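Questions regarding the structure given below will be posed in turn.
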């Protein structure tokens, strides 16, 4: 049993003793093109977290389904939560985890927009003597994507509703993908795209950032597998370093 | 389709036009005795929300799995989120809902501890000209519980891991209930229980507040049915009154 | 001498030793119909607190005359203070009380709208290792009102400028009551009144919620007496439980 | 009738039309030597405000009995409220005053420690387009004290439990003064007293800052009279300037 | 070497041991008439701080160039920072200073508008057990100005772009003064100027508050010399008192 | 004249009309090895900003000398400011800039640790309808460093007190560099270095992250030149895009 919410309270002590590190997954609700649902990042977070919990021996917590989606906030259906709210959520939860005997938290996000908040949360916990935390957002993605992808990427640090993310969903939640609606769109990014605040709806019509039609379940499996193994390695190193 | 997370963004406009009121369910992670899982209120929120969305024609949002569990926070496994964090989450989300054309929000909690925060959130939205909101926590519970229950209640306003709540879980998520572990415990409440801050672990050993052994799926169905119908009625009245 | 503000500082130590629990009363400034002044809840808080301090042997602090009156805020003359401000006030004052040797605080409100904030303040003090606190708002009112009232109530949890509250004022501050202007009005509450934020000026023209004409000083005395005794009992139990 | 709390709500509109500027008095609870009560500044605020309301034609609000008493906070019995809490209180109340038609607020303090917070509150209201406000703390005191006092002052900007303040109390609330306990103490102020944070209990044993024995009711009357007239003049000028 | 920013980190320990008190200077960016630059207070802060660091043996930190300029905020070019931001800056920096072994902080402002924030910051540090701090704003100015000035002052507590401040700049940064543009303007202050929030652009056209044409470098030298010596004396007394 | 602080207020309007975009530079005070001063990033910010202002025709504001140096905070002499404080500073200043007619802000940092805060500040301004902002931290550094460096880098995204940064200082502020003390140190980064909060003093003894001895002024000139030109290009593109 690796699922916190499925335990009864008398079972918690033993479960924590066996698996003293908790896994807190984060998704997001935001547009993912015409072929993927708004809850794509929640599905990905659930799927990745389940595999990671098993691989790395972590106690999995319920996925936080809402995230910071500032960039895509102006597409209909996107629901953004501020960084401050996410940080507050993590530091609130860390109190109860600590009381239960948990000794470290893995903050795992399937959505890039959460990365800054989770990093901040980890630092805040470190400053205040809270639980040690590590913040991971699709670790190892860049390297595996380079190997897997057949279509060009649209931007070196964006994976959104494209060949790669669509493949991940085909691997993790195929029933939620409508490949018949998949499209290809390569946004023209303004020169200052990485420096100034740019809402992504100003550069994309479809909400797809690359070629979604090139996605396959097999590619998704390779990405998922690599991300999970990379995460497990990082977590192992981190646990050794901080002694949890 | 009544599930926000399952829509693609191009489908949002039409879905909202058909169903302009969103349903945001809230659960909690907290002890529920030796026979119910920590995620009981998440399961209840999911189950009740699904029925309510269908009955009342609402667009259902992903359930917020964490809630304010101050009273039971000191039982192992309970994870509490502060009122302020819950209020922030609601007001953050209301922005995106509003942009998508949603005209009202039903805040629906399967956990009593969230009630103050959701009430506050609804007022905050009202003060700031945000979306109209209604906050419901097991509406109609008192009256149906009185009819359904065979065992005594432990406290007029507490339904926790007892005959009633266990019955609800038996109706909504029977696989998560271990009736063989169900127990009966009637806490002796101190005289000032309703006035001073009292952690409930100081009055209960098992975390059960009544007689869990008296629970049956049939009782749960009656409770669920009444709560959903009461909620739908209240929502209908509210929509008429505020014009959404 | 039970009045903090009337002591000199060299007298504080001895007074606190004799009476180590302080009583902090809260009123409010809000509409109370055509026959009761805006300061009704301040008068009630003063009168009830004086009796309670004597009965329960508490050190009485000056009454906070402003409260949270969200529901009636839109009547002319109502002056509302946010919950957060009330909580801050209590936690600020608790510092000085603690330094003076006080070992517990009774937060006593003669206005229902303050209840959520005072409850929150008591919890905040509990969480931060501050002074133990108990929050009381007209304790025992429901039961004594049922016995005393001759007219119907307008709502099970509202006592506002009606037979009961007017009677209380007739008992505690008769010079401030103009019975010749007393009226009867039974609001028609919308179905969602207890769930959604409803400003009470949308349901009442006079600001009276019942039959004010049925008030008498004798009824008021009975209510006051019962509320004070109930409060004293609760405080005695609380003090025993928390050891102050 | 110049007393807000004594009005009924239907009387507010007319009262405000006649007297569109409100007077919000501030006291404090802090040590005032062995001869004056902790509530001295509340008594002074009440007395001065009553006279000022009559003289200047202002609608008087209930006195806020708690203030910022950082400097004397470590004397037993002093109860300090943070600046932020006072600012919040004022801005909260300004909302209701504005809705009632009030066009300006006089923040009047009988306690020097409130001055910074009230000045800040007035600026905050100005920045946010709230009600125009003026903040007065014993205006004209320095000039009248120079004329009235027979004993030396202890510090150019401190009037605390000395000849002057004791005289004011003898004029406004003689029953609360115990002249038989009045003492004389001239603190030796450290050189950096005005620049660094200095708790005043480190420079005074008695809490008297000068010669309290020189106080007389007549001196108090002269001070009160001058302060009220000065305040009324300033308010008149302010009202003309800001057009309220 | 008395300049923190010029040290390398391995030199810090020894420097702090020799000079355990740090000097944090504050300027401001605001209008200073037609003859002085917007950065006048930064130049003054730099110049005064350099001399003071040498005289009093302090470790000088980089000057904070922005300050609270509420009063003159509406002149073009003025850039105001809120009090809260300044307080946060000081308390943030105090952490690192403390870790480096620093035992006290001199907050030194060449701009009156910063005084309230710096006083607040010093108190905040005192309350939280942070570094002892003293807040100085042109100490001794009033007395030396009285001796030095040939023109009348415009207001007892205002020195702004007038004979005195222009003289200070002529002494500290003569290249930045354009005496050919110096003017004389005596604002007519409204009666309530010291009590109500008054933007100074409503009383001055030029932004000069007195007679700037009377300035000379020699007067400036006398002012600077006196202010630095007064500051050094106060700091010496403070260090002795608090033991740093 | 491109220097805001050097203008008088009557000159602001014309200067802003000519150069409607302001440049706000950010440095930091933190360890930079045994050969570079704590104020290295302030010197770099000043030097780069001066060139950039000239190249891109911007109105240069005074450099904020303090920054977020969380990672190196535990080296003696480092002084860190929280992200929140930096964001507050920017949004405060934006008010005055906007009033003066400025139409956009370039937030330019010579310190990587400020990047998250400045990005946040730019978004905050965008959300609140404040001035458009772009946040730049050594833009183009990676590409020019790759060309210029002769020694290996220690980490793909760290440039700290190494060949490159030392070269920049040799170009911009040679008097502050003590090449005789330059050292070489290649930290061994833990596997989780980019994911978990790691204080850099746990991986480096000297505070140098690479080979400082390989630095030359010529390399620094090339870096500076490229960064300034890259920044100017990005700013030009941004201005065109947002129309300022």
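Note that the chains are named A, B, C, D, E and F in the order they appear, and that numbering of residues resets to 1 at the start of each chain.
Just so we're on the same page, a residue touches a chain if its C-beta (ideal position, glycine included) is under 8 Å from a C-beta of that chain, and two chains touch if they have at least 3 such contacts.
In UniProt terms the chains read A, B, C, D, E, F = Creatininase family protein.
The structure presented is a predicted model; accordingly, all values stated were derived computationally and were not measured.
Visitor: Just to be sure I understand the contacts, which chains border both chain D and chain A?
Guide: Touching chain A as well as chain D, we find no chain at all.
Visitor: Starting at chain D, how many touching-chain steps does it take at least to reach chain E?
Guide: Contact-graph shortest path, chain D to chain E, evaluates to 1.
Visitor: If you fit chain E onto chain F using the CA atoms, what's the rotation angle, as a multiple of 5 degrees?
Guide: About 180 degrees, rounded to the nearest 5.
Visitor: Return the chain whose centre of C-alpha atoms lies at maximal distance from the corresponding centre of chain D.
Guide: The chain farthest from chain D, judged by C-alpha centres, is A.
Visitor: How many angstrom lie between the centres of chain C and chain F, each centre taken as the mean Cα position?
Guide: Distance between chain centres, rounded to whole Å: 57 Å.
Visitor: Just how far, in Å, is the C-alpha centre of chain C from the one of chain A?
Guide: From the centre of chain A to the centre of chain C is 49 Å.
Visitor: Would you pick out the residues of chain F that each touch at least 2 other chains?
Guide: Counting only residues that touch two or more other chains, chain F contributes none.
Visitor: Follow the ring of contacts from chain A in the direction of chain F and write out the chains one by one.
Guide: A, F, E, D, C, B
Visitor: Can you check the complex and tell me which residues of chain C touch chain D?
Guide: Touching chain D: residues 4-10, 12-13, 16, 29, 31-39, 42, 61-66, 69, 73-82, 84-85, 88-89, 92-93, 95-97, 99-101, 176, 178, 181, 207 of chain C.
Visitor: Quick one: which bits of chain B touch chain C in the complex? Just the residue numbers, please.
Guide: Within the complex, chain B contacts chain C at residues 70, 83, 116, 119-120, 122-123, 126, 132-136, 139, 190-192, 195-197, 233-235, 237-238, 241-242.
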